Amino acid sequence: MRTWIFWLVAAAVVAGIFGLTRFVTNDYFFFAGYVVLQYVVMATAWNILGGYTGYVNFGTAGFYALGAYSSVVLHKLFEPPMVVLILAGGLVSGVVGLGMGYLTLRLRGVFFAIATLALAIVLETLITNWDYVGGSRGVYIIRPAAAPFFQGGYIQYLFLVMLILAGMAVCVARSIEHSKLGYGLATIRDDELAAETAGVPTLKLKLIATVLSGALMGMAGAPLPYYITYLDPSSAFNLALAVNSIAMPMVGGTANWIGPVLGAVFLATVQQVATVTISSALNLLFVGVILVSFVVIAPNGIIGWFGRGKRRRQG
Amino acid sequence: MEALLRVENLGKRFGGFVALESIDLDVAQGERLGLIGPNGSGKSTLVNCISGTLRNETGTVQFDNRRMDGLPPHQRTRLGLARSFQLPKPFHSMTVAENLHVPLLYTVNARHETHLSNAAIDRRVEELLQQVGLAEKSGRRPRDLTQIEMRKLELARAMAAAPKLLIADEAMAGLSNAEVDDILTLLVKLSEQGITVVLIEHIMRAVMSFSQRLVVLVAGRKLADGPPQDVMRNPEVVRAYLGE
Amino acid sequence: MGVTLDLFLNAVTAGLLLGGFYAAVSVGVAISFGMLDIANLAHPAFIILGAFVAYILNDRFGLDPILAGILALPAFYLLGTVIYRVYYYSFERRGEEALRGLAFFFGILFITEVALILVFGVDYRFVTADYIGPSLHFGDVDLPMRMVVPFAVSLTMVGALQLFLSRSFIGRAILAVSQDSLALKLMAINPIRIKSIAFALSIATAALAGSCLIIIQPVEPSIGREYIGRVFAICVMGGMGSFPGMMIAAMLLGVIESLTATFYGPSWSPAVAFGFLLLTLAFRPAGIMGR
């Protein structure tokens, strides 16, 4: 399928899903749906650097929180429209990703991974000490009275925003997959040394992947203050987000765009159910166990698991 | 005539261990150079320094009259300096054909002078696979290939970069006589096309028949440099190989 | 001026004592990451686990925390053996360590933290012992015993390990395997078994380090995260696997953290270690001692 056709189909799917949800009256659906869609974006974004390129990012919460807090700052300054917030979140996270990448991507993958963790904690400490955005006490954000160009509750508007972001993220991921960039990233994942020798500018490509990945995460975080209305560092920088961003692509499959979507929908839905029925702590434990199990038993995720059987039969 | 590749006073250490010391080496355009030496003598380290994978502490590498200082490997490859790896390093998630796409997309197309369309790339991949005898395995994954097929893929990938100089690092290790001849024929063909070839090998008959000039490396130092017959008669060389 | 000097001296002293403790915390990673090249992100979680084990034994049976830590050593050693086995069969053997191995340990870090929260809740726990409270005084400088004792225990543990690695047969085999697995095989020693022992040792250190931790400060499950940065920063700054380098790095970090906390406020401390790590990775990945 040509790429532009995919974008059209994706747009149609987004419109279709949104159209269907117009019949839903229970607000809880939109609250939960927002979370699931947010994870689709985060998992897809993570996978661009993790699955396609082979560089693990443990600090996804950092990029996400940057998006959320840049929204807070902009909101306090002049309350811009959502589009501006999202672009700003993407920009800030992208730039930080670029900076950090430039410092650490010349090292082995394992150092990059540790550095991402370090970055997330440094960012959290900085935000916690910054009173303008509420510091450790947090900040209250009041939702606008009505959503622009929109008939319906604000939470439904947020759902639509995240739905569009999810569609976009998937399109970006797929475009990369089938492009020259995608080839290059795959060679870096397969054998970075051989890639470099074959003429692939590995540092540049890794930086591009980091910036794209970080920017998407920042965009996912940008609407958060309006969704959650009370934002404090622990909700923005939460570890569950970091673990889920990795677990979801690993469960769903890291080789292409479908994996993160499947993994996100599956795990996020299960967790929403579990949080309500059991407890949120047990639910987190469950995710951790799932992550470790999949990493050990089925490293290529659900999709890889099926793909293996298929390859064997083809001989 | 200026040498195509000029290595001057090159030195490389790993902590306290001196891997290479004061290496001087010239390779002329179109030459067929053989590089031999016992295991651990520094041959691969030298290749890595020339290709940019490792950074040498002292000395310089000049290629095509350009200093290579600080240039990353991908830029050196784009300038025409290619190498194959001793242990084949294919891209496992791609087919054999796609493995060859990579250097064509990223090296050949990155040069100002050339731009191949997708169709031209496909044709070139076909051509290369024919040349190395891997045409039927075009759609297979590297894990389905035999040892010698992987070696051929490794060489083909280096060839795909359309190099001016190709360093073949122990491409024949562990192969049967017939397979060695296969690779040798390939390298000779490359040489006939005007590509300068540096052959690093242990298999003496291959090195002797292929090389116009022979360089011997022992314990990180260059021991001898000259016509193959002369070098092999050099008592120090004989001692280095037999006296161990 | 006098007050500032006072503060400064006390901060430096506290920092040195803290640094000694940080060495005990990092020695496990110096072994697993520095020598075995296994990025065990979960090490801080095991230290917190060790702290809670000391807490239980102290709370229920009135055991001295250090004694508790020593008693826990065999159990942690066993845990290390099991984890290495899983790690080896899942990743090292297949040669896919990079991505999967990291995710594996990250998952374990997470599971351990959440499990601890489930069992103990999010409250801070502390231990009681005779030496928690009193301080030694040297002029204007105070040396709290609750820092001196862990300092002494830490140095003893690191020193003992160093002796073990350099003098005993297995110890030297461990040093050898960190440099050249092939050579070891040629000597008919099974590198896997050696690595297993080394990794198990690294986890065992967490038992004692954890008991030291809970003597120094009250502990709750999520504290482990602060230590990820410290531990890896010290390991990288110390030159990966070099014990002397690690000691210097640990002391340095301890002093700078202490000074930062004293003059800028304790909420900045977590950033110090991580900031150091980022800077080190960016500019001198070979560490302070530089290899």
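As written, the chains take the letters A, B and C, and residue 1 is the first residue of each chain.
Note that contacts are C-beta pairs under 8 Å (C-beta built on N, C-alpha and C of every residue); 3 or more make two chains touch, one makes a residue touch a chain.
These numbers come from a predicted model, not from an experiment.
Chemist: Find the two chains joined by the most C-beta pairs in contact, please.
Modeler: A-C
Chemist: Would you identify the chain whose Cα-based centre sits farthest away from the centre of chain C?
Modeler: Of all the other chains, the one whose centre lies farthest from chain C is B.
Chemist: Quick check: how many Å separate the C-alpha centres of chain A and chain B?
Modeler: Inter-chain centre distance comes to 42 Å.
Chemist: For chain A and chain C, what's the span in angstrom between their mean Cα positions?
Modeler: For chain A versus chain C, the centre distance works out to 32 Å.
Chemist: What parts of chain C, by residue number, touch at least two of the other chains?
Modeler: none
Chemist: Mind listing the chain A positions that touch chain C in their complex?
Modeler: Per the touch definition, chain A meets chain C at residues 50, 54, 56, 58, 100, 103-104, 107, 109-111, 113-115, 117-119, 121-122, 124-126, 128-129, 136, 239, 243, 246-247, 250, 281-282, 284-285, 287-289, 291-292, 295-296, 299.
Chemist: Where on chain A is chain B touching in the complex?
Modeler: Its residues touching chain B are 180, 183-184, 186-187, 189-191, 193-203, 255.
Chemist: Considering the complex alone, what residue numbers of chain B touch chain A?
Modeler: Per the stated touch rule, the residues are 51, 53, 72-75, 77-78, 82-83, 85, 89-94, 98, 101-103, 105-108, 110, 157, 160-161.
Chemist: What residues on chain C touch chain A, complex-wise?
Modeler: 39, 41, 86, 90, 96, 98-100, 102-104, 106-108, 110-111, 113-115, 117-118, 222, 225-226, 228-229, 232-233, 236, 265, 267-268, 270-271, 274-275, 277-278, 281-282, 285
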